Each structure stands twice: as C-alpha cells, then as structure tokens.
C-alpha cells in the first residue's frame, strides 16, 4: 500500500498520486517546536528584560525548554520514510530548502540553551561535587558525584567575580537565544508558508503567526506544569508540616504560586491577542482578494473544517481561555482550565494548517479527508498514529524529571 | 607553555577556520552559481502532448508502470490520463480511475468516496482526455525544497531522484503543484516520472510515447531546431499547465481546454 | 582557571569538528554542485549513471517483423497497425532468450480500453467502433470472433463461419 493511502479518503477528483502525506507527526512538529521556543522566550523575558515577576518561573521554563528540545525533531524522525538517513540533512544541506536549515538552527539553539543552563547551574554542580567529594558515597551518590564533576567541565571557581561572569554570560546567551528561538520557530512557519503549490499555506504571515502562537503555547505549558508541580509541593509541605519538618508553609507557597501564575498569564494574553489578530487578518485578506484558490479554500474553511477552525480553535482554544485569563480574580483552577484550552487552541491551529492544507486537491476539484490511525496495526500506523503522537507528548515530561535530578528548579540559593 | 585562555582562543579560530572553506566555499562557488541559469548543453528534453488525439486507452500508463517498475496494482503512477466531461448545465466532471491504467471503459465518472456518477449521453456538452506526467520544469520547485540534494536536475533538463540519498521527508511531494510525485511503495523514497531517462539517453523514446497508438505523446529536444517536436512547439499555439506558479513547465500541450486542472 | 566562560565553546568546537570529520567520511566524493548550480544541481553525480543504467523492458516493435513476417504482413493493412506489438504481447525484455515465449493478453479488458463505446461525439474516442462491455457477449473473449491483427469486418465473418 502506498504511504498515506491508509488514512486518506478522497472525494471528487484528486490527482492519482495525491494523498495526505504529512500526517499527525507533522502536526506535532510545529507544536513541539513552538513549546520549546515559547518556554525559552518566557525565561528570557526575565534574564534579558529583567521582568522581576517572572524570576521564579524563569529558571523552571529554561530547564523545561531544554527537556522539550529533543522532542522537536522526534516527530520528524517518526515521519521520515528513511529515518536512518536523517543525518544527511547535516551532511549535505541544501539551503534553498527551508528544512535544510533545521539541523543547523536546531543545534545552534540547543547549544545556546545548554550553555545558558551550564552557566545558571555551574555553581550548583560545583557545590554538589564538592559536597560529595570527601565522604563515603552510596552507588547513586557516586553516580551523582561523577555526573556533577563532568558537568563542571573542570571549572571549579565559584568566587564572586567568577559568578558575576556567569551571570553576564547568561544574559548574553538569553539575549542571543531570543532571535534564534524566534528563527527556529519562524522558519517552521516558513516551511509551510513558502510552499507555493499549497494555496492554504502560502502566505508571508505564516512565520509570524507561528512565532506568536509558539510563544502562547510555550507560556501556557510552563504555567500549567508550574501549577502541577507547585500543587505537588504544597501537598508535600502540608504533610511535612503535620510531622513538624516543613518550611515554607503551604499558605506561603499558595500565594506565591498564584502571583506567579497571574503575572505570567498577562504575557500569555499579549501574545494570544497578537496571534489571533494575525490569523484573522490572513483569513479576511484571503476572502477579500478571492484569488483562484478561494473557492476551494472557502469550502474547506467554512464547510469541511468549520468545527475544527471556528469551534475548537477560535472558540474553545482562543476566546474562552482569553476570557478565563482576563477576567479579574484569577484562580488556580481557572488558570489550569485556561492554559489547557490555550494548548488545545494552538494544537488545533497546527492541525488546521497541516491537515487543512491537505484537505483539498491541488487540482482544486476535490477533497481529501484525514482519518488518523488509532490502533497501531503496522509500523506505519504505530509511528504516524495516536501512539506516536502520545509518545512525543509524554517524552518531554520524562526528560524534565530526569533533568531536574541534576538541575533542581525550586528552592535554589543563587541569584539567577 | 600555552595558557588555557590562549588555547581556547586558538581553538575557536581553528574550528572557525576549518568550517569556512569546507562548507561556505564549496556551496557558494561563484563560477558555479553563474552556470545555474541558462545552460549550455546540446540537449534539453521537452514533451508534447496532443490532447486532441488522446482516446484514454491507458496503454501509456500500463507500459510506464511496467517499464519503470512501479508496483502494478499500487494506486500511484508516474503518468496518468484524466477524463473531463463537461455537461450542458456547465458542470465539469473529472476522473482518472487507477490513474487510467486500464483505460476508460465506462461512461460513469469515478467520484472516489462519492461513488460513480452516471452522466446521460444527451447531457454531455464536451468530453476529452488529458495525459499528465512530470513537467521537468525549468524552475523545479520540488528540487528547490529538497533539504539534502537527493533530487536534482540534469544538464538536459530532467529532474531525477537519488534513491540512495532521499530521506523521505515528503517536502518535494508537497512542493509540486502538479501532483506528479509520490512515495515509491517498495523503495520508500520520493518517486516521479523522469522521461524514461534510461531510454532517452540511449536514443530511444519514452515507454509511454512508444505505447501510444495515436501519437498523442511525443518527446523531443528543444535545442535541436530540426526536431519535429521542437518545430511544433515553436510554430504552433501550445500551452502549459499552471503557468502561474512560475515553474516554467517543459511539457507542452496542444488542445488544452480551460477546464483542465 | 581564570576564564571559564569559553569552556562551553570548546565543547561546541569538538562537536562541530566531529561533524566535519563525519561529513568527510559519509558524503561521497562526487557529491557537489553540478551543471544546474547549487539550487537545482546539488547532487551525487554518479546517480545520473545509475538512472541511465536502468534496464530497458519495452524494446518497441522495430525488431518483431524480422522473425514474425507473417504477423507483420497481417498487420500491414490493418487499423491495428498503429498499436505497438508490446501493448498486447508484453515487454520484449531479452526475447527470444528471456522470455522465450510470450504471455499473450487476450482478455476483454485489453480490447475495451479503446472499444468500450463512449458517446463523446465527434472526438477520436467517439469515432472508434465500440461496444457496451456489459451487454456484448459478456462471457466471450473478444478473440473468439475478432482477429486482433486484422479485425476488419469481413475477416470476422469468415472466422465465425469456419
């Protein structure tokens, strides 16, 4: 069977070779990249622009961004027909293709985030290693000690001037990281926006729309994860308090959590407004200019994909969370609902771009419907089905857990 | 003894120094960039389809699939034939069942998921067949978007796919406005019509040209002014498909109607 | 110990250097910018030869009359003269060495490619003499009554009588 035939239903006239070749994993790819870029931008808002309110969540989102990082190329690997040849993108890059830059931009970005993390956590690594050096160690402690030693890269100096240098380096890296993060995601938008063969994708607004919605989704996921972890800590501290061990008290934690969430969600709203404005501009423009492709686009947007676009994406994914987060007296519960809906909205936006762009034939005389494989009956449906998508969604949380073993995100002493 | 600071400094310069000649110079040799446009060879393959002559027998598709080893029963093909039936009330019905591998043997139009649409003889205003294949564009958008250099254009204008280098990302499939590309069901790499490159470079014609009983398909060399195909293209009113995409297609059509997509 | 700030850069340097080494090993020597420049000609040169070396299966009708003059004579004045032998007899490949004999496609589906009547007026297809495949002797193979090499009406009748 031809790749794509399994999940494509054709209606009316579709060119014989046309199928939905870009399926769920290509929806996941810009979604995950967006989360990476968004999380990083959030942490940079504190490091570069000095938004003091974001201090608590800045370190958290930086580590989270690094955990998300390997999950951006993951959907691509699951999508490739020849995944073992993935390194050819680095070996013989063809820069007239938007995808060719992926390897290089992605690695540059990875290096920047890793370096920034190193400067943020260097003191912690040194202290961990020194603390474990001159005493008997258990097996896990030996492992920890070895890891910490390696991670110091031999730089043991934690004097004031050395730490000052670290801080300066963090600032520089965070500043350079913002344009690179925007580039990383903007060009994910460019991959779609530059396909002249696809009437729905081809618009110069695509990269900008992608960046805005990326920041929105990144912040939303950071807030959400932050809330989940904070709630966990509150529960633990309540238990500890009962047994007379705990500091700080659950009440302190709760009020601190709500302040952070409220302040961060304001930044989310700014980017959300920007993203919606641009998307609507695009839609209005297409309808007003009504070029050759508008007939088929109209029937896709207003008929075939109406529920996906206007109910799930704009309605549930944009308008409802906008109101939830904007109305005064934000509560944690409302923030959770709001950020979850924002994530749904951004996911649906990716879906409507990737799948929606293939919902009509290049002949403009027929439609294609995507039926996502649910049961993994073959390697193809395993990789490019619900299972593959879930794998991509859950991996960053596992990685985040592992990273925080070496790089704790709460209750740290140092200044940045 | 070299200090650490000095070492770092020198290491950076050395690494940077290695990178520049290895990548930048190789990719952006101005001499080669100059050769990008125009072309100087003695051959530029072009195709001529006379849509007036096509009867939709599908022998071209059958021979193409066998000659180029596209699995015979797979629902993809390097070339195909479309049928257009325009009714008196102004509707256009198009189909290409099994890419026309077995020809058109019924008046019913294949609407895919919508089933077969029967059109009464008295409702038919006009009906015709249009063979399709890769346009071997002068500005191939599929080549432009290949991230690894696995698809490329030869000097004589044919776009080929390197089966050992294609990573199967599908960007070229998305980049083609004509829908000629697909994934090969066995090799799992991008696949497309290449004007039977193994035949035309031996002085033969493509398999589809040889299989067409009606002379609806012809191939020729645009750089040879005496080539009969070139003469037709130069002197008669020919058209190309989707000229608005700026791809400069090199498959020319006689008798193309406005309904053709 | 004084300046540790550049330390991540060394790590980066090592990564970049190892990638360049890998590139030198993995990328074939003939991979580069060829005739059509970087945009359209960035490829492995030897792949062109690989495509040229693909086996030719359809050898055209040019060589057939040498061994099959009788069939060629039959066809000479027939409307089916325009059809390549290989369309019905399959690709020649290395015939007569391999395959020594042919599978001859006598199925109805072969004939109705052209002879299923489509009412498309005065078009080439509309002008071809045709039948309704669902009504015209459904169980029979066309060759039972019609001689494919020279299917003129007179011949059919003779064939049916004899």
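Per-chain residue numbering starts at 1, and chain names A, B and C are given in the order in which the chains are listed.
Convention: a residue touches a chain if its C-beta (ideal position, glycine included) is under 8 Å from a C-beta of that chain, and two chains touch if they have at least 3 such contacts.
Values in this document were obtained by computation on a predicted structure and should not be read as measured data.
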Taking every chain's C-alpha mean, which one sits closest to the mean of all protein C-alpha atoms? B
If I average the CA coordinates per chain, which chain comes out farthest from chain B? A
Dist(centroid_CA(chain B), centroid_CA(chain C)) in Å evaluates to 15
Would you kindly tell me how far, in whole Å, the mean C-alpha position of chain C lies from that of chain A? 47
Averaging over Cα atoms per chain, report the distance between chain A and chain B in Å. 37
Which residues belonging to chain B are in contact with no fewer than two other chains? 27, 144, 149-150, 165
What residues in chain C touch two or more of the other chains? 1, 3, 7, 23, 31, 38-39, 42
Specify, in ascending order, the residues of chain A that touch 2 or more different other chains. 88, 91-92, 94, 96
Which part of chain A faces chain C closely enough to touch in the complex? 87-88, 90-92, 94, 96, 107, 111, 114-115, 118-119, 122, 153-157, 162, 165-166, 169
Name, in rising order, each residue of chain B that touches chain A in their complex. 27, 74-77, 80, 82, 92-96, 98-99, 111-114, 132, 141, 144-150, 165-171, 173-183, 185, 188-189, 244-246, 261
Within their complex, chain C touches chain B through residues 1-3, 6-7, 9-10, 13, 16-17, 20, 23, 31-44, 47-48, 51-58, 60, 82-84, 86-87, 90-91, 109, 112-114, 116, 118-121, 123-126, 128, 133
Residue ranges of chain A in contact with chain B within the complex: 1-5, 9-19, 21-22, 76, 79-83, 85-86, 88-89, 91-100, 102, 191, 194-198, 292, 361-366, 369
Help me check something: in the complex, which residues belonging to chain B touch chain C? 4-5, 8-9, 11-12, 14-15, 18-19, 22, 26-29, 32-33, 35-37, 39, 41, 52-59, 62-63, 66-68, 102-107, 121, 124, 126-129, 140, 143-144, 149-155, 160, 162, 164-165, 194, 197-199, 201-202, 204-205, 207, 210-211, 213-214
